[in-house]
Structure formats: C-alpha cells, structure tokens
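Below, subunit A partners subunit B and then partners subunit C, in two separate complexes.
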Partner chain A sequence: MLTRIIAISGLTLRTAIRSRVFALLIAMVVICIAGLPLAIKGDGTAAGQAQLFMHYAFGLAVFLLSIAAAWAAAGAVSLEVSGRQMHVLVTKPVHAAEIWLGKWLGLMTINLVMLGLAGGLMYGLLRWTTRSAVLSAGDRASLREEVLTAHSLVTPEPPAAKPVPPGVGRAMFVVPPAGTQSWSFRVPERVNPGDAIFLQFQFATSRIERQMPVTGSWLIGADDAQPRFSTQRSFTPNVSHALKLPPARPGQRLMVTYKNTETATPATVLFAADAGARLLIRESSFESNFIRALLLALARLAFFTALGLTAGALFSFPVAVFTAFAFLLITGLSGWAGTESMMIEGDLAPAWLAHLLDAATRGVIHVAHGITPPLARFEPLNFLPVGAFIPWTLVGAAWGILALAYGGGLAVLGIWMFSRREMGLAAN
Partner chain B sequence: MKKAPCILLILAALLGLWGAARVHERLWDYRARHQLLASAPLENAPPLMAFTTVALGGFRGLIADMLWLRTIRLQQEGRVFEIAQLADWITKLEPHFTTVWAFQAWNMAYNISVLFPDAENRWRWVSNGIRLLRDEGIRYNPRDPNLYKELGWLYQHKIGYIMDSAHPFYKRKLAETMQAVLHGARLEAHAKDTDLKCLREELKLDPALMRQLDAEYGPFDWRLPETHAIFWAWRGRQAAAGAPGVAGKPDAAGGERMTAACSCHHDAPASSAWSGARACDQMMFQGLSAAFRQGRLDFDPATDLYVTTPRLDLFPQAVKAYEEAIARNDIRLFREIYANFLGEAIIVFHSYGRDAQAREIYDQALLRYPPAGRPISYDTFIRTNVVWMQKNAEDLPPPDAVAVVEGFLFQACRHKAAGDLAVVAEYERRARAFWETYMQARASEDHRQRTALPELDILRRQAERHAKEEPTTEGHR
Partner chain C sequence: MVASTDSPQAIIHAEALTKIFRDFWHRPKVRAVNAIAFDVQAGEVFGLLGPNGSGKTTTLRMILGLLAPTRGTLSVFGRSPRDVESKARIGYLPEESCLYPYLTARETLNFYGRLFKLTRAARRTCIDQLLEMTGLQHAQHRPVSEFSKGMARRVGLAQALINDPDLIVLDEPTAGLDPIGCRQVKDLILTLAKRGKTVILSSHLLADVEHVCDRVAIMGDGVILVQGRVRDLLEQHDRCRLTFPALAPDRLEAVLQALRRETGDTPAVDHPTRTLEQFFIETIDQVRPEKAAPTGATPAEGVAEFLAGDKKDRGP
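Now for the complex of A and B:
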C-alpha cells in the first residue's frame, strides 16, 4: 500500500515540476519576497522595519502558497479525471484512499519545498538588511533582544492580597494616586545568565481619556535586598510597555513595585491581575522560532491541500477551484469579521432594522467561525514579528487540528465520494 | 406558465432601477458634500499609483476602510510598526481626499507619538506625520491650501507649542537638522550646492521661495518651528490663489460655505479651499506674532543651549501680516486677535525700554479699536498688565515671561553702560522677582518640564549680548 502511495505521490510531484505553474509560483514567491524591502515603509526604526518585513513577507508567502496549494490540489484530481488519465489509474488495483493520500503527499512535498524556499529567502533577506554594515551596534543589539528572538512570559507568584474588585469582570489591582502595588517573580531556571530580561506591563486608568499618559515609578529589587533598577517616567495607558532589566540569576526572586506618582492630573491606575505585569524572558533562538512558524504555516497548507483535493474529487476543475477559494476566503474573512468589522458602528435607521442586521451579521460570523478551522489561533504572524515564542505544543496542536482533524475529515469525505464516483460516463 | 416568472423578474428589475435612480441623487449629493468626486487627474503620481486609483474604482474606498479599521485596532493594541505603511496605502487609495492625509499625519504626530514615553521615539512619529504631508500629500495635491495649513500646524503647534512634554526635544531636533544644512540661522547668499539640494529634495524647502519669504516678511531664523509654519502657510496662500472659490468672500448668510460649478451638480461645495486659505492667513499672522515674541534663537547643541527671545524688528512684518489677513477676511475673530497682539507688543516694547514705540502702538490700538468705556492711560495699561501677568503666572506662556525678564535685564545692561547703578539694581530686582514668581507657579514636574524658563544667568548673558548688538537709539525699529 505504501509503495502505491509513494508511487502516486512521485507521479504527482513529477507532473507538478513539469508544469509551468510550478515555475511561475517559484518566480512569483521570489519576486514578491525579494522586492518587498524596497516597497514597504516602516516606522523609521530598524526593529520596525524588520517586524514589517517579517509580517508582510511571511503573510504574502503563506497567502500565495495557500492559493497555490488549493489550486494545485483542486486540479490534481479533477484535471486527471477530465483528461482521462484517472480512468487508467482506477482500473488498476488501487484504492481511492491510496490515490487521495498519494496526491496529498506529493502536493505536500511541493508545499514543503516552496515554503522552505520562501523561508530561506526571507531569513536571508532579514539577515542581509540587518547586517552590521547597515545597522549600528546598538540597533543590532536591540533588534536581537526585542525582535529577532523568542520571548515567553513569566507570570508573578500568587499575591498575598487578592486583587479587587473580585467577581466583577476582570480582576484588577487598583493603585490610587500615591499608592503602590508589588509583584514577586521567580526567574526561571532555564534563563541563561546574561540574557536580557524585560518587565512587560499594561494598565488602564480611571480617566475618560483612554491614552492620556500617567507618571509612575518602577522599582525592581532582588532577594539580596539590593535595589537593582528604578525609573520614573510617564507611560501611556492601554498599551503594552517593556522595561529592560539588568540580567538576573536563574532562580532569583525579583520584587517589582509600581508607585503611582502622577500629580498634575491624579488618576487611579488599574493593572489586570493576570496580565498587568509579567516578565519577558528569552526562551529560544529566533532561528528555531522561525522554523516553528514555518511548521505552523505548513499545517495550514496541509489543510488547504486537503480541501482542494476533496473539492477536486467531487467536482470539475472550475467548480472545485471556486469551492476551494470560496472556503479559503470565508476562512480568512471570518477571522477579520470577528475582530475588525465589529468595530463598525452603523447609524442605520430605523433601530429595529439595525438590530436585525446586526444580529444576522453576528449569526453569520458565528456560523462561519463554527465551520471554518481556527486558523487565527495558529497564525504565525501573531508570534514571529513581535518576537513571541511559539511553543512546540502549539505546533503539535496546529498539525493535530488543521492537518489531522480538519484535513482527515476532508480526506474521509473526499475518498468516500471519489470511491463512489463513476468514471467513463458519457458526461465525463 | 413560463411567462409569469419572466414578467415578475422584469418587474423586479424595473423596481430595482427605479430605486437605484432615487438613491443615486442622494448618493451623488453625499459624495459631493464629502468631496469624494475624484474628477481631477492625479498630479505628480507614479504610474502604478495613477493606475491603481483608476483601476480599483469604487472599491478603493472599501479597501481604504478595511485598512483604516486595521490601523485603529493596531493603534489600540500599541502595535504601531505597521501604521506608517497602512497610512501610506490609505492615502494612496484616496489621494485627493485631503481629510485622509490630514488625519493620518495628525494621528501619527499627535496620537501615536504620545504612546511612547521617550522623546526620541515620539520625534520619529512627529517626523513621520510631517513627511507624509510634506513629501507626499502636497506632492499629489499641490493646489489644496488645507494640506499646507495642516503641515504648518504640525510645526506651529506640535513642535512650537508647549503642549507635548517632549517639545524641547522636538525643537532641538528641528534646529539641529536646519543648522546642519544652513550652517546658521538663515540661508546664505552663496550656499553650497549640496545644501541647496538637501533643502529642495529632503526638506522640500525651495531656496528661492525661502529667500522670497525672508524678503517679504523676514528675515527669519529657519531653525525655529514658527518659521516653518509661516513658510507653509505662505505657500498655502499661494496655492489658494489658484483654487476655485477662494478669491471670493463668504456667502450672504455670513457662513463659510462657497459653491463652485461642477459639471454634473451645481451645489458641490468649494468652501474647503476658501476656509483653508483663511486658515493659512491666520497661521501667517500667528506665526509672525510668535516670531516677534520668540524669533531670536540662541542654540548650541554642545552645551544644550536653546533659548528664544523676542525679535522686536519683526513687529512691522507682523502688523503687515495682520493687515493683509484682515483685508482679505474682515471677521471679528481676526480683529480681536490683532487687538490682543497689539496689547502684548506694548508690554514687550515697554519691557525693553522702548516706551515711545509702545505709546505709539497704544495710541494706534485705541484709535483702531476704541474701548467700550473710558479709555485707561498708557501707564495704567502697563501696570495692570504686568500685575495681571504676575497674578496669572501659572498660565502665562513662556515666551511672554521670557520677553519681560529679558527686557528688564536688557534695560539693566543699558543703564549699566551709562553707569546708573541704582537703576541697574532695580531692573535686576524686577527681572528676578518676575522670574521667581513665574517659576514658583510651576508646582508639578510636568509643568516645569514643559514651561520652565531658562536660568536667570543664561537670560542675563543673552540680554548683555543683545544690548551690545543693538543700537541705543530709542526709536530703533
């Protein structure tokens, strides 16, 4: 059985390599990624430029490869049926599952090669645009510490005092004017001595103005009772801030204290109990994080390939492509609709019509969320450009859900329908 | 049997057409009101952008909306690295929509900049906002006075005013940039080609226009933000001269709405260009008032010295700008601002011991804007205002306080040269008393950071230098 699957995947691979589409796809990916640094406009910092390049290059590569994967997979079965090659294959002792899996494996090999090529190109360009001849030593150091890394968050030890007010919405630590709030952190043993550690914090205020800055001071002490770091500055509420701390020993306890020193326009400061203040530590290298991001993208391609193959097993090529693309579009848009479009405030009259439309929209989005796979959860762009660590468990979950659960479901449907499909009919 | 559905479909189509015709009129009005009629060809645009604006048609707005929503979300989350790129795309999708350019630039300079606690990062976003308008917005809309006004506003208010706690940093950065190109306060007659090229291509300052502005209203110190505000407002006035509906006056109802002929509809508003021109007029005289109050800059990056003091010689040019603006827009607001300016000028001239000139301005002001009741004497006016300034020291703008303190010290220097030591001590005492009152009124760190005066010794050195440079004749203007 395995021999037959490998033989079919080899044939699929050979057909793809011979086709112009494959060459065109390579050219498109190379041109798009290589030309991107010339076209994008960053915020003026080396870190911003690198983040923007990663965001757009990765996003563009995955978008192009997703379309190509769905297109190629839709054609892999349906074009062979319409070209009568499949008739030769099905008359042999080959099960529909072997055909489907062989095709999927062949197409996934192409996806792997293409993604590897795109990833290599991206990584090379990233290194080239941030080389020492271009950036200062300071810029390179901050880039290495803040962006080209893989950080994970360390939550504080449970506080002695419970956050208030409990039970209503999100639990918060309340810091009145001139008040203080302390957290205790234990530096994990896995931290390398000398690695930069950041304090990441975010707060809200009692003011109506959402982003009016508040002056506050941070004092970081260690268990050796020596004050290690202190700063007093104004910080903008509702935005994530990161303060670079001096290196700490693995296992060391850090005492972090915030004092509300705003005097010009006093305000109460509120820290979320779960995410108000956390330590940001280096978890792994950027390179290994980049590989995990590529694996997340490959899991997505595995799903789109399965989608295209199943659509191709059911329909003719144009219909299969249309179906696959429609699903791809809904999957992409349902994520967007769930976040950005919900910010739209209509001024539609009468009110009942507005409510009805609103309820209908939410219903459609809810259904779309239910049907489509949770791509947003496994979105590499949520991690890679901001230097956030991608755990292997997330990569495993992405493969389990996107490739095995959704892809497997589609495979079962595709194989079943393909095995029931009659070849050689007059209509074919 | 097949006829019935056909008839129903035709009827439905006709109904749809009738509905579309009804809605079309309102939609057209809406587009005209919000200036969404991109009838004019895009000027100075690269081929790809010109093609995109035509090829995408009505979908441009939809895509711009999606990008705008993304911008809002990212900004709320504090993930701003992508916002300059999104702003670039949004403005390119709606290149003739002035409000879009103005909003994106304002958003970067005002909203995003303050997300950062450090001045360096803030300045980057203020620069991004300036660059968006100066390098691109004006390039694609060279005849829209509103864009010049918006650009001038970033210089006048964001950099020039004291609202942002990082304003001293912005001012120094601008001064450093200009000094690196001009090698001084203004453009020399025989400037190097590389410097001229840098002015033209990087800072978008045409040397010929700079010289023309200096000749008409200056000469200015080009390291100051007020000068840039004046320059762009002046360019806006020039641009407005060719815009439709600007040369006229407000309509009979006294409002700002002006109309211009449109090929399809005759009620498309052209008030925007007219109000833009008026705002440029306002910025011109405000900028010149500021130059009069703080147009002399002593700047030394090595010692971090940045002190601005009044330029009394710019008074006639400021008056000229007011007179021209009022001649073009004779509205109460402008007349009131002018009267206030004359009042401030009297105090400044008095502080520098130029009472004859101050009295002359006072008499002119009384003649032009007679008070409702019995007019007060010149001496009472001076006394009342100085007392009022000391009482309201907390809200007193720094340039006004600097003018008074440096003015007193300037007089002390003059009397010192004459050997009149008792008078010297009196002016020294008054300068110190005013300086202390002003500084004591700044209780919080933030208030001090934004509005503190230079040390008294620094102001004294400035005053000594100015006293040596300026002739002693009382009537010098």
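Now for the complex of A and C:
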C-alpha cells in the first residue's frame, strides 16, 4: 500500500517540477511578497508598517497558494484521465484509495515546500526591514511588544457590579462623568516575570461625534500594595488602546480602575462587559506563533487539495476547476453572510415575496453553512499580524476539522466515485 | 485462480457480452459490442480481428475493467474484471500510447515496476532487459514526450510486460512499429505463449494475426462473425501444395504430367517469393551496423531474459 502511494506521490511531484508549475508558483509568490514592502504605506510607525506587511504578505501568499492548490489538485486526476495515463494506471494492481492518497501526498509536499518558502521569505523580509540599522531602539521595542509577539487576552474576574443587561446591543458598564468602574484581574501563572503586561481597552461614549477624545485616568493596584501605576490622558473612543503596565508576579491580583475625568465636554463612557478591558499577556515567541500560523494555513491547503482532487476524480478538468472554485466561493460567501443580517426591502417586492425570498436565502445560507468548513475560525490573519497567540489546540482543531473531517469526507467521496467511474469513457 | 463454471481452464469467459454507449441523457447511442460470447483458454493466443469500429477495443477495455458491460457476463481469472488483485497478473498495452510526458523511458518503467512492488534490484534487471529488448537503451534517459510514435509504443509494450504477466492484453500491438519491431512483437508473443502465458490481442493486420494466433474471432459491427482455430479456418482441406528445388523444364514437365494424370486437374506452378517483411529485415540488417549514433529505436535480438527464461516460470 505504502510503496504504491509513495510511487504515485513521487510521480505527482516530479510532474509538477518538470512541468514548471513549481517554478511559476515560486516566481509569483516571491514577486508578491518581495514587492509588497514597496507598495504598502502604513501609519508611519514601524509597528504599523510591519503589521500591514504581515497582513498583506501572509494573506496574499495563502490566497495564491490556495488557488494554486485547488487548481493543481483538480488537474492532478482529471488531466490524467483525459490524457489516458489513468487507463494504464487502473489496470495495475492499484486501489482508487492509493491513487487518491498518493496524489494528495504529492500535492501536499508541494504545498509544504511552497508555504515554507513563502514563510521563510516573509520572515526574512520582516527581520531585514526592522533590523537595528534602520530602526531606533524604541521603535524596535514597541515592535517586539506589539507585533512580533504572541499574546493572549485575560478577561477580568466576575465583576462586583453587574453590567447593564443587554437592551439593544451587548451588556455594558456605564461610567457617568466623574464616575468610576473597576475590574479585577488575576495574572496567569504561566506569565514570565520579566514580560511586559498590557491593559487593552476600548470604549464608546454618549456623544454623537464618535472620534472626539475623552479624558480619563487609569489606576492599577496590586492586591498587596498601594497603587503602583496611574495615568491621566485623553483617549479616543471606539479605538483599541494598550497601556503598558509594570511587570507583575504570576498569580498576582490586579485591581484596575477607570475614572471618567472629562470636564470640558462631559460625556458618559461605555465599556462592553465582555471586551471593554482585558489584560494582554505574552504567551510565546513570535517565531513559534509564526510556525503555528503556517500550520493553520497548511491545514487549509490540505482541505483545498482534497477538494480539488475529489472534483477531479469526478469530473473533467474544466468542470472540476469550476466545481472546486464554486465551492470555495460558497464557503467564502457563507462565512460572510453568517455575519451580515439580510434585509430585503419591502418597497421593492410584495411582502409575501420578500418573505419567501428571505426564507429561501436563509435556507440556502443555512445549507451552505452546514456543508462548508469553518475556514474563518482558523484564519491565521486574525492572529498573526496583531500579535495574537495561536494556541496549539487551535492548530490541532484546524487539522482535525479541515484536513481530517472535511478532507477525509471528500477523500471517501472521491475514492468511492473514482472506483466506480468508467475510465474508458473519458474523452474518446 | 478461481475457475469459471463451464470451462475450468478459461482465463477469460464472456457470455452475451454487450456494451451500449449512452449519451448525456442516458439514451443509447452506439451498440459497440452486441451479445458476443467467447472463451480464452490458458496458454492460448487469441486474436480479435475486424474493421475499424467493430468493437475490438471496446471488448478489450471491458476485459480490463475500463468499461463496464451493459449486459452479459464477463470474468477474468474467474473474477470480476474490476478486481484489483488479479490486475497483478495482467499486462496491458493500450491502443495509443498513454505515457507520462515528463518521465523518461526508464523512469516510466521504474514507476510501473514500483506499483507491482518489485524490489529495486529486480526492477533494475527487468528494466535493463526490457529496454534492450525494445531497443530503447540509448534513449532511456530522454523524456517520452520527445519519442516518435513507434518508440512510445515500445515503451508501452515494455510497461505491459514489467510484471511478467500471465495474461497479456495487446490492443493493436504492431500499430506504429517498423517491420523489425512487428516481427519482434510477433516473436515475443510466440515466446510468451510457449511459456504458457495467455495473450489476447486485437488487430486488423491479418498477416500479423495469422502467424501468432491460435484462435481468432472476427468481429463486425459489434458481433463475432466467425471464431475458431486459425488452421481450421484457413486450411483448404481439398488442396495440397508441394515445394521442391527448381527443376529443368523437361523434368518439371514430367512431374506435372504425372500430377495431371493423378488429379485430372492442371496444377499451378510458380516460384515461392520471400515476404516483403523478410526482405525488409534482411536489407536493414545489412545497412544498420554502419550507422554510428542511432536516433531512433535500434533493432535488438530476441526477447528479454526474464520473459523468455523458465526460472521464474509461473504460468498457469
């Protein structure tokens, strides 16, 4: 079994290399990634520039490789059927499963190499553009703390004061002028004593002008001592802020208090109960987070490869490519539609028709949701550029769900259909 | 090997075998094979003859499991033609070469050899011998996409034999080959048959078939018109032919006189001619050794050792 799978994957790999698919892909990825730093302009800060570069470079690389993976996989079987090489292959003692798995492994080797290459290039560029010769020590420090890191958020312990229960939106803490609001955090045991801890917060105001700053003060005290840190500044509403706190002991309790000190144009300040204020702690190195982000992307490529292969096992090349891309489109759309609420205007159509359309749309989205994999949940772009920690459990879940469950399901379907297919009918 | 019911030795057993090609809407389009019945016995060379489009390739593809019969029964080695395990004992040369364009001749054979789980050493000797037999040694490291039609066909033939199969299915084995290649293929088939291998081939070159096949079936429009032993079909039992050294005219006349008296008929007299094939091979043999660097396939002697030898003999 294994000998044949390896023979078939070796053949797939060799074909990809010699047909210059590989060379083309490498050229494309290199041009995209290396050209990006020239094209993007961030907010002027080194951290902003690095963040933007990572977002676009990583996003573009994964996008290109996803398309290439689905495309190459769709052709891997279907082109051999129409080219009749498959006629000979299936008259050898080879099971359909060995063909499918061999192709998948060969294509995944290409994906792995390509992703490794793109990752290496990105990392190298990131290091090169932020080397000590071009950035000041301060810039480099903030870069290390904000972007080139892997941190996670610690939510406060259950509050003493209940938030205002949800009326229209989410539950809120309301801080009237001169009022205060406190949160209590426990610093997790896994925190390194030397690592900086940040307080991340975001608030809204009762004002109509969404961006008009509000003056406030933050007071941070430990359970064993006097307030250790305080600051009074004006903060812009509806923007995420991060305050660097002095190092804290693992297991220590931190009392965080916000005081609304705006006097010029008094305003009420609102904190979302679940995301108003959180601690940001460093979980791992940027490098290991980067590798986990690549593994998330590889899990996605594993799914796309399975999708293309199965489409190619069922259909001819053009139909297979179309099917695979249509499925990808549905996946993307259902992810998007899941977050948007649908509205059909009553003026444009009679009410019953609008209802019907609405119900039908919901039905379609519901079905699409059911059959498409949760790609958004494993989107590395949600983590890596903002320095958010990717837990290994997420990587495991991505492989379990995208590669094993969805990929495996597609494999079973593809193998079953392929073994029943009349190979001799193709393109006679 | 599981024996089929009515003829214990049959390697291939077909009964009322029918293939109807359908269009997209599943409406019958072509009745390519229509209720044919035949048996191929172990150790036999069986030929399918017929004009273009008579259903030869369709029949062979059904035997290989590439097409599913619409009706009727078909068993190969007593099993379904789709059975994967029995494929280990089958070699197939398709109608047109279906090779991986980016592989060289040697890599192609190596790939197929690995599918049969041949060890590296076994693969090397097999491939060396097959390349020698097909005269492709000097071209073994060139990608097959550069090969001429006949050279590609030779790779196809080598590929079909790499597992030393018990059943060899050849779809027009001599198509595209030069006369020397044709002759070699025919010799090869005879060698394999001598070792008890079973061969089924299709062709419309009657001269090829006549020399190698034990039995033939002549197909036309999807049905078998005639089938039987070649000798039985061709022999004219009421006529004889004598061959003897040339005689002086008066001596010949005396012999003819005697024959005329015996048969009451006028015997026909001519000189036996060499076949054009024979003539061609002799001519090429005289010219070839002078050419320094061959670009095409070179003529090679005989049959690969592992195919001809009896040490590995595992015929049925």
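The working rule: the second predicted complex is superposed on the first by the 378 of 428 C-alpha atoms of A that agree within 3 Å, B and C clash if a C-alpha of one lies under 4 Å from a C-alpha of the other, contacts with A are read in each partner's own complex, and residues count from 1 in each chain.
The definition used in the following text is that contacts are C-beta pairs under 8 Å (C-beta built on N, C-alpha and C of every residue); 3 or more make two chains touch, one makes a residue touch a chain.
Remember, it's a predicted structure, so these values are computed and weren't measured experimentally.
Taken together through their common subunit A, the two structures put subunit B and subunit C side by side without a clash. In the superposed model, A:His95 makes contact with subunit C only, not with subunit B.
More residues of subunit A lie in contact with B than with the other chain of the pair subunit B and subunit C. Of the two partner chains placed by superposition, only subunit C is touched by A:Gly83; subunit B is not.
Using the contact criterion defined above for the overlaid structures, shared-chain residue A:Ala7 touches subunit C, although it does not reach subunit B. Of the two partner chains, subunit C is the only one touched by A:Thr15; subunit B is not. Seen from the CA centre of subunit A, the centres of subunit B and subunit C span an angle of about 130°, rounded to a multiple of 10.
In the superposition on chain A, contact is made by A:Asn238 with subunit B only, not with subunit C. For the pair subunit B and subunit C, the minimum alpha-carbon spacing after aligning on chain A is 19 Å. Interface of subunit A with subunit B (complex): residues 40-45, 47-48, 51-52, 55-56, 211, 213, 215, 233-236, 238-241, 263-264, 336, 339-341, 343-344, 385-386. Subunit B meets subunit A in the complex at residues 66, 69-70, 72-73, 76-85, 88, 111, 114-118, 124-125, 127-128, 165, 443-447.
Those residues of subunit A lying in contact with subunit C across their complex are 3-4, 6-7, 10-11, 14-15, 18-19, 83-85, 87-95, 422-425.
By the touch criterion stated above, subunit C contacts subunit A in their complex at residues 21, 58, 61, 64-68, 84-85, 87-88, 90, 92, 94, 96, 98-100, 102-103, 107, 111-112, 114-117, 143, 159.
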